[in-house]
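This structure is in structure tokens; I'll ask about it shortly.
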Amino acid sequence: MAVLLYKNTKVAVQGITGYQGSFHTKKMLEYGTNIVAGITPGKQGMEVEGVPVYDSFEEALKHTEIDASIIFVPASFVKEAAFEAIEAGVKLLVIITEGVPVWDTAEIALKAKEKGVTLIGPNCPGIITPGQAKMGIIPGNIVTPGKVGVVSRSGTLTYEVIQQLTNAGLGQSTCIGIGGDPVHGIGFLEALELFQNDPDTEQIVMIGEIGGTAEEEAAEYIKENITKPVVAFIAGQTAPPGKQMGHAGAIIMGSRGTAQSKIKALNEAGVPVTKTISEIPEILLKNKNK
Amino acid sequence: MGMLYEFEGKSIFKKHKLPLPPSKVVTSVEEAVKAAEELGLPVVIKAQTLSGKRGKRGLIKKVDTIDEVKEKSAEILSKESDGRPIKKLLIEKVVPIKQEFYASVMVDGSHVALLSMFSPEGGMDIEEIAKTKPEKLEKIMFPMDIKPFGYRFFPALKRQGITGKDMVKLAGFLKKLVEIVQKEDLTLAEINPLVLTEDGQYLALDAKVVVDDNASYRHPEWKEFTSLIDRYTKEEIEAKEAGISFVELDGEIGMIACGAGLGMATMDLIKYFGANPKNFLDVGGGASPEKVSKALEILSRDPEVKVILVNVFGGITRGDQVALGIIDAIKKFNIKIPIVVRLIGTNQEEGVKILKEHGIEAYTEMEPAIKKAVELVKQQKK
Amino acid sequence: MAVLLYKNTKVAVQGITGYQGSFHTKKMLEYGTNIVAGITPGKQGMEVEGVPVYDSFEEALKHTEIDASIIFVPASFVKEAAFEAIEAGVKLLVIITEGVPVWDTAEIALKAKEKGVTLIGPNCPGIITPGQAKMGIIPGNIVTPGKVGVVSRSGTLTYEVIQQLTNAGLGQSTCIGIGGDPVHGIGFLEALELFQNDPDTEQIVMIGEIGGTAEEEAAEYIKENITKPVVAFIAGQTAPPGKQMGHAGAIIMGSRGTAQSKIKALNEAGVPVTKTISEIPEILLKNKNK
Amino acid sequence: MGMLYEFEGKSIFKKHKLPLPPSKVVTSVEEAVKAAEELGLPVVIKAQTLSGKRGKRGLIKKVDTIDEVKEKSAEILSKESDGRPIKKLLIEKVVPIKQEFYASVMVDGSHVALLSMFSPEGGMDIEEIAKTKPEKLEKIMFPMDIKPFGYRFFPALKRQGITGKDMVKLAGFLKKLVEIVQKEDLTLAEINPLVLTEDGQYLALDAKVVVDDNASYRHPEWKEFTSLIDRYTKEEIEAKEAGISFVELDGEIGMIACGAGLGMATMDLIKYFGANPKNFLDVGGGASPEKVSKALEILSRDPEVKVILVNVFGGITRGDQVALGIIDAIKKFNIKIPIVVRLIGTNQEEGVKILKEHGIEAYTEMEPAIKKAVELVKQQKK
């Protein structure tokens, strides 16, 4: 089963004619993603890697159904692209672009919620269901189909973890990079819920980092709702403390947000937190052989 | 995270007609005297710096005479804060204060919410109030697209015993603060203290404002906010201009990573294996050869960097582009320090090949590469 | 039955402590309106004509239910007052205030529509159901209960018509002044529909004026949907032509908007349009005696 | 309805970075020459006036030499438009035009909608196009709170054969026009022509902008728009400042009504009974004695007013207040012209009593009162 993205998911690529859009369209196609349309305003009639390009969803929808869309357009155009996709009825929207203003993301996230669209990103590596399809930039050659669900706040660190899982013979059901922006689409909670309900996922890896309280909240959620084993890693354990968001930030964060706080919360929820990434597969293998 | 100086934050408040005491920004004792004369004594002299607790650190002084203006402004201008000289003072007219409040609005990203906070016990130690008298701190959460209206704040103000005209005025103030955050691409606007004057006015006595850096392309007026530049070292600015995220630290290993998470994990492992990173440097996703070359240039100029460690797991970043950047930098800047490269992911083969042609054997795994870099540092120390 | 406003409708007055608010609260109470609360921020604890004043709907709702609200606050506060009432769940909202910015009214009207609130006004005389209740400023002494529904774009002209109906022995079911602002709540169409479905209304009087195309659209609607007799009056038949809204206005209006156009459209829909107001009762009486 | 001069409308466009040709506003021949020299010849000299068809009326002239600038600007400045002298010229650089379009956005109040219109056949006769080639005029309707995005305009542009980069650029232009209307409290923004230049730019060559008068309290910057004042006579401005709606006409009866509808119906009946109103005057709802007195003062100064007719049906307006205003004005301005009063509605009895005490018998019905006023005019004519 996996979650959110499958072999037959019909995917559109927004910004397909751009430098990143065209390159990763090639990579996604090579991986087997069912890309049915590219969208770049003003470029209708072109083809990118054999994918027909349309000016708009309206035009594309005359020729194909679209279930999901991935956005590679520059930051200042992301809001427009995202609204177009949501209004056109996609069910899954992945935004790779980094540098999107917080207030634009907020509008997108609220609209997505209103319309029941699952949003991943922005500023994220996307999602990959090994052996089926990928939307985003996670290298296809490092994943392998299996039973571990991966969710991560960090981009490149996600690859690191996946690579080590694969090297250890631990395949993945689906890997989701939720992105590191302060406002973003689905977070740990939603991903954990999806993996909990997915019969193909047996264990879950969660990659967090310092700052914010998402990991603490995830720990609470795991305690109450997740019965599958979860293993976590927190990046930035030795990083110097960052600037606070004024007193307001300090009040809200309290003692949370630090690596110690996150590790403590996760441990209390029964989640082991490893010192290095290479320890993650070890724990998963132990769980598996129990 | 674009934190602004007090006077810059206040300039945003002023644009939206949030009431403020009269004030002037100055850069010298002479200007301070002139400003004090124009505003009328007594005035408060406030150092413009990004870190807090200015009062306790002697960076805010109330003065009653011109002689005191001269003395105290000279004194403050001779000090440092955040490791940098204080260059600007805000000279502000003293207002007769009846009561001090705390008010703030911040983006709570994980809930796509705005968090508005208010306390009738404002002043220096609001964090203490939050801990010891949480019932004195109101936290009101709104969706980010809320239409802010005064009545939304009435229940919180009433709980704090504020009623009648004062409730209406304060609600109007808080409403405006939310509007400002929404309209100006801010992620924080904090006023501590917000004061009620003897003559019944509510004024923002301080301003801590954080702008969303990602929105700077649509705010040309932010170019005038020197706080967005002053907080960086020359090298950090150079990096920033090249689109590189760079923070200087104390250590021996110059580290280049693609991605902040990978960068942090690399730092963690450097320490774990027994050395220290000289910096945090993230070239971001999809780095061009020019960007990688610039990163190496910056690190190679630092005499304390003993080893350079490049850790790339290509997703949107392509291995060949990174390799080209490394080779280019070595040649152009004649870099002699040892460079350890870990390269994997998108276009890995092309990248490894390019490096090999120039005599660099890239690692594919992260931990051995970091171990190697730490080892090289230890060898040099001997 | 009548429409929208009844004897037992629980009414709040927003801006009750103001000059107009307090005066007309007295008049509305004298007429028998069931005013349960006054709202003026900062004035809680006061009483106006025996009506308790609250800071907000939230406070008022602790003590009473509220079905409807009438707004007398200054133009710059109308948007806030209207949103408060709508969010508090009123079903009928009447805005008397004039000078409300078009864009504020638009926000109010869209929010009212979203929440299923019937909005009357702004810049209108309000609504009166003779013998039951009034919300607004239509003088109570000129109306009399009966079977004629009155809907009018003009304020004072409404009174004129009502007076003449009453003088002629023709009582009214409900009289609605929809207001003359470019953006407003219910219009002729909604009022006509309400009167058509009200068993207590036998005939309908419609008072229009030059400008806009509401009367032309009403004529279309009457042709299709209204079976009860309608009599109309159009004010401004001799007024000099006003300035157009650029070419855009001219394009949209075409030949519509003039008194002649409106009279023609109404006549074609079988609606007689009188030259003077005093002719209106004559026609209604003839219809009645048919 | 606050229609603006072209250059004022353009100042709003400019604030939002809508592309415009370079131009300068001038008030004399000397300034016109200076502007033309600065902009570079050829330039277009455009009279700033509110009524249209300027080209056909000789109020727009293209000139190639400084001598021509002198001649034509002097010529236009000597003309009148709307019965008023032309005081301002816009000197605009000539741009090489490839194609002319029409674009507009207006508030369609009855549908709480924004109506955006576009035609690839812009220029002088767009109304003609609308009638004879309606398929060349696109009408796109949005809810007033629409988030305007470029893709919303693609289908309309495609229907007009506009594709590729031009479609994207024009859609961006139309999107921005909607944003400007939404953000600036406008009810109309019309550009005719919107031009495509030889070098591929889209520019607003004209601007017809209408601001919502009700929103002026939150637009202090509109105070600089003299169009909002120039269009009125001295008396109309005086009335406007007092909150009175006043339009001068040709006739004999000075009319005061409360409410625009009642005012119009009163005018209709004056004509119906055989005389003519000298004005339309609406004191509005809830008029104070001062306002009524001011209305009478304005009318009584006009020598052509033979009779004053006051028609009040009090709802929010109160009879006693009106009566007090009438009596006050008669005394203060020593008014000798006959005054016919019709007074009914709220506080009718109090009002009638006050008038009676000063010798005025008020009518309760409208038609007899108007008949009486008309009769008085006819008597004076004899």
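Worth a mention:
For reference, chains read A, B, C and D in written order, and residue numbers begin at 1 within each chain.
The definition used in the following text is that a residue touches a chain if its C-beta (ideal position, glycine included) is under 8 Å from a C-beta of that chain, and two chains touch if they have at least 3 such contacts.
All values derive from a computational prediction rather than experimental measurement.
Set side by side, the interfaces A-B and B-C show unequal numbers of C-beta pairs in contact, with more at A-B. Look at where the CA atoms of chain C average out and do the same for chain D: the two points lie 27 Å apart. Centre-to-centre separation between chain B and chain C, using Cα means, comes to 55 Å.
Centre to centre, using the average C-alpha position, chain A and chain C are separated by 53 Å. Residues of chain A in contact with at least two other chains: 107. Taken as a contact graph, with one node per protein chain and an edge wherever two chains touch, the assembly forms a single closed ring in which every chain touches exactly two others. Inter-chain contacts occur between A-B, A-D, B-C, C-D.
Residues of chain A touching chain B in their complex: 20, 23-24, 27, 75-76, 96, 98-104, 106-107, 109-110, 113, 125, 136-139, 142, 152-160, 163, 180-184, 187, 207, 209-210, 212-214, 217, 233, 235-240, 242-243, 245-252, 254, 275-278.
Across the complex, chain A is touched by residues 147, 149-151, 154-155, 158, 163-165, 167-168, 171 of chain D.
By the touch rule above, chain D contacts chain C in their complex via residues 1, 3, 50, 52, 102, 104-110, 112, 115, 117, 126-127, 130-131, 137, 143-145, 182, 185, 187-188, 190, 192, 208, 210, 212, 214-215, 217-218, 247, 249, 257-262, 264-265, 267-269, 271-272, 280, 284-286, 312-318, 344-346, 366-367.
Listing the residues of chain C that touch chain B in their complex gives 41-44, 55-59, 80, 83-84, 107.
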